[in-house]
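Got a structure for you, questions after.
The letters A, B, C and D name the chains in turn, as written, and every chain counts its residues from 1.
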Amino acid sequence: MEFGITFKGFVEADRARYLVRAAEYAGFDYCWFYDSHILWRDCYAAIAMCMEHTKSMRFGPLVTNPDVRDWSVAASMFGSLSKQSGGRFDLAVGRGDSSRRVMGFKPATLARVAEFIHKTKAMVRGEEVVYGESPEPVHFTWAVGHEMPAWIAAYGPLALKTAGEHADGVVLQIAEPSLCKWFTGQCIEAGTKAGKDMSGFRSMSCAPAYFGPKDKAIEAVKWFPAMVGNHVADIVEKYGAESGVMPPAFTSYIEKRRGYDYSKHGQSDNPFLDFITPDVVESFCVLGEPKDHIAKINDLEDGGVTQFNIYLDSGEEEDIIARYGREVIPAFR
Amino acid sequence: MEFGITFKGFVEADRARYLVRAAEYAGFDYCWFYDSHILWRDCYAAIAMCMEHTKSMRFGPLVTNPDVRDWSVAASMFGSLSKQSGGRFDLAVGRGDSSRRVMGFKPATLARVAEFIHKTKAMVRGEEVVYGESPEPVHFTWAVGHEMPAWIAAYGPLALKTAGEHADGVVLQIAEPSLCKWFTGQCIEAGTKAGKDMSGFRSMSCAPAYFGPKDKAIEAVKWFPAMVGNHVADIVEKYGAESGVMPPAFTSYIEKRRGYDYSKHGQSDNPFLDFITPDVVESFCVLGEPKDHIAKINDLEDGGVTQFNIYLDSGEEEDIIARYGREVIPAFR
Amino acid sequence: MEFGITFKGFVEADRARYLVRAAEYAGFDYCWFYDSHILWRDCYAAIAMCMEHTKSMRFGPLVTNPDVRDWSVAASMFGSLSKQSGGRFDLAVGRGDSSRRVMGFKPATLARVAEFIHKTKAMVRGEEVVYGESPEPVHFTWAVGHEMPAWIAAYGPLALKTAGEHADGVVLQIAEPSLCKWFTGQCIEAGTKAGKDMSGFRSMSCAPAYFGPKDKAIEAVKWFPAMVGNHVADIVEKYGAESGVMPPAFTSYIEKRRGYDYSKHGQSDNPFLDFITPDVVESFCVLGEPKDHIAKINDLEDGGVTQFNIYLDSGEEEDIIARYGREVIPAFR
Amino acid sequence: MEFGITFKGFVEADRARYLVRAAEYAGFDYCWFYDSHILWRDCYAAIAMCMEHTKSMRFGPLVTNPDVRDWSVAASMFGSLSKQSGGRFDLAVGRGDSSRRVMGFKPATLARVAEFIHKTKAMVRGEEVVYGESPEPVHFTWAVGHEMPAWIAAYGPLALKTAGEHADGVVLQIAEPSLCKWFTGQCIEAGTKAGKDMSGFRSMSCAPAYFGPKDKAIEAVKWFPAMVGNHVADIVEKYGAESGVMPPAFTSYIEKRRGYDYSKHGQSDNPFLDFITPDVVESFCVLGEPKDHIAKINDLEDGGVTQFNIYLDSGEEEDIIARYGREVIPAFR
């Protein structure tokens, strides 16, 4: 099991400089940054900075999208960060919901996400690449053959299929073991059907982790299911009725939560927030004492998850990182 | 007099890490990077890296252009680098000749260069900004009011005027004192006419510097007038006949060099390389023993130059930086 | 009020590297290391390392003694650390109880402590110095005039007098406000009598700080009064009966704690541990919620304390440092 | 062939910080510091600092001696530096000529040098050690079993024998290939006789290296044979007449140099400086163009030398380090 941390919003530079060292010392393998250049600064400047303060930790955006930067500009940044860090850069891509919506644009298609991955991976490798917007082929003569791992963020059936077929891993923003198992399975099934060797396919479960009494913890992390809720509702609305398309646990789970309120669906936000009860928060996140964290991460591992990635910015980050290093991560090494 | 170094192509990361420290120790104030993301990697990844290894040195692209990145993406990078370095970021902008041509695009207009500067400076400051490509106004709530200095690269009359009116300084890729004086004067005149206080206007002379016997030095740096020659020829062709528009020294200088060969202008590259005689190389660059460097930089200072910026990548970089620190820079402090 | 942290035993190098950055970010001014080269490694190697990861934080041994290193060797280390850190080194000296006893030696006299301070300060300044063990005068031609602040660790009347007369500050290993007030007053009185300007005299109160429920906190830090107890008992035994020599609060406090058990004094350790009741632990340390920490440090400040120095190594160090930065130190700025 | 640099006197901290990075980038394996705490600062503070700016480079004093620090204090520093650098510390020991003489003391015996090595190596390993000055055995419970390589500086027969029998390598302050061969052979012979496996025995040749015209180079490095001359003269005086004890090349070489001047030996310094002719300087050092350096280092390698260690502080250090990286070291990799 790999461990990651994600800076959701942005921390002060001087704090990030020591938190990544603290996380590397604690045994975390990855540090991810939301790629949202208007809301929270440019994540690549922060990644380049943090790389200078770590030795083996890997970095990447979580997630970028194919529309915010010209592909040669994006790939040059990916390749430059790979090169100056000794290859410690991963790419994670989504359709660009928040990052593009804040500027008034629509998300990209999944086909475009897949093409973006293939084209930027090839540029980082040093191949000559032709892509839509560029009149001339692009070739980074300075590239040194880095094989940049790529992930796709997914919940819905088509995104899971795209991740399985075109990426090295899937990013799941939820830490509910049975759902993670179902999502991961969908990816592997799609990849296998497409003839890929899926034995090394990776699955990342992202969620806040928090220690201490349940009520305090739930209060600190309830922003997470509220954020995820939009995605969940979108998907249930779109696929909920189709048998076998969505994970049975997911469907029944939503049904149970919303009961007769289902008729109000779409009229206001309330029905979606209704289902964010304490046990939903607990189900989506990793809370409690260290032994509870270990137990849940073990369940995630049983469901095929290969990386547990903590969404920080719920407070007490120093303590969470240090306690993972002392009391949680050693149980998986 | 300020001193700068510029990495033309790119150095290996581990070498850049110590060269910027060496340069800061030697007394250099600035480190600039060519912004050419396809030819030489992404300069902002390198800038972010080098910032972590310096304390007071300032950094910037030399030069970027308004068309390679969406303006909010560009400004987010500028503002992020400013923030994480404690305000050590300058912007230098040109029309994008090489960077855009390599992708098959045309250079930007000078009006667009000026607008790019005003809009990105405002975003970095933290103001709400509307610009052409974005359906929604952009506002970096995380910006902390950094006043990012901006420079414009110029040779021709309109570019010099734009620099004087819209920038905090002008970038001159040549170290010929009388020409630098004329160029700088044009900027100040234009700015003054536009009602700006030009007392703090800055003028940067960029060129290779090299120590040792003249013939070895000339061989090492002759790539520079060859590169500059294209710009010079363009301008002479466009403005040469108009009395008073071009610097008299510049015009007569070119005439003297090319004589009757002028008729062949435009047929091949030869006429332009013809005039790159050893004394042209010496005139454009800073060569010889430390006392010769000091004398020439003094002449540049008399011509209104406020920063001498060494284009590296002619070899012996470690020695050039160290000798500037020991034998040249102290003469100006 | 200045704030410090002290590494009692030693932390792993990679952990120390980020903890000092975390502490500097949190607003701590000082980082001290026990100087006990056999039990816990050489503190100067650790100090030199930590200096490379901080910008303004000051460092020093807490405490060294005059007998463990030849004075020129000691002063060369002090001066070298001062020079390579830009003057961020303080000296704190004691009689060498633990450090010398572990090797089978006796502690130094207070006169020797005072002489050690004067001689090493002079060497660090760059003066030619004659001292007992060296046949030749010692002169560091490389010294650049650093004025190294020096502190003396004291509890007893003579040590307090020596600190007041010969040092820039006193180190008090206790955080009981009325005692700190009495101790500090003794130093200032002695210094004033000796004709020194005592307006800048400094007083450091050292003790563990811990957050959370009282019973958990007391369990975590009870090692501290046990360690301090030996010193306290020594002093009470030596001076307890002499009216006016010891702080009245101290005497009555010990009396109240030990009552009729006093007759058993010296027979076993028990009588000394008897008085380490929960309220003694609380009295010696800084415990509770952030508001409790602020209140106690305010009381210390009222008693003349100028630096509160947290003895770490009670666990949860990351959390203690971060919470001081967020919730305690801002109340004093 | 390993490569090292040595800071003879001391460089400014900010310069040392980048020079070690430059040297590591260039391919140097070792960085050594003269251990002379009065003349040039404490070398261990500088070593600890430089370790933070390097990844694989090894460090050590060149040379320390058994009398300047209590052995537990010395070993604690060695072990602490080993631990915080991941084992990148070597020990090199001599009799303490300059370091002790400057304080008015006599050098240590070779038996004491050998014992110092065995005892401090054992302490760094974590063993319980009894040594002369300490009433109690010393045990670093924090030691983690580092096997610290130890070198002895030698010219004379007994020192060479001691190095062969008791150390992992010999330090030779001269770069004359036939002498290095003879010296190294003496060590190996002695070690073999004592039953040691000498297959991994190391031999370090130390001398200034300098590029450029011979006359300028000789002027820059002639301080070196002048410094070495004292040792050479001492040894020739002591052993010169004994057949087979000194290297034949050494004896004849001195004879040739001094001829009838030998009668004046001991009256003044002149006779010793007489023999420092340009070809002696060239013979002792590594001078000329890169190809000359490569040729001489090849000869040293043929003579059994395993590390060529450049004594810096002859000027142009940045250039020497960079050119070794570009033009000399690659010939040996």
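Points to keep in mind about this one:
Definition applied: a contact is a pair of C-beta atoms (placed from the backbone, for glycine too) under 8 Å apart; a residue touches a chain by one contact, two chains touch by 3 or more.
Being a predicted model, the structure only gives us computed values, none of them experimental.
Using the contact threshold fixed earlier, the set of chains in contact with both subunit C and subunit D is empty.
Chain geometry summary: the mean Cα position of subunit A and that of subunit B are 41 Å apart.
For this pair, subunit B with subunit C, the centres built from the Cα atoms lie 54 Å apart. For the pair subunit A and subunit C, the distance between mean C-alpha positions equals 47 Å. Chain pairs that touch one another are A-B, A-C, B-D, C-D.
Residues 10, 13, 37-42, 44-46, 48-49, 51-53, 68-70, 72-73, 76-77, 79-81, 83-84, 102-105, 134-136, 138-142 of subunit B are the ones that touch subunit A when the two sit in their complex. Contact residues of subunit B toward subunit D in the complex are 12, 14-15, 17-19, 21-22, 24-25, 316-319, 321-322.
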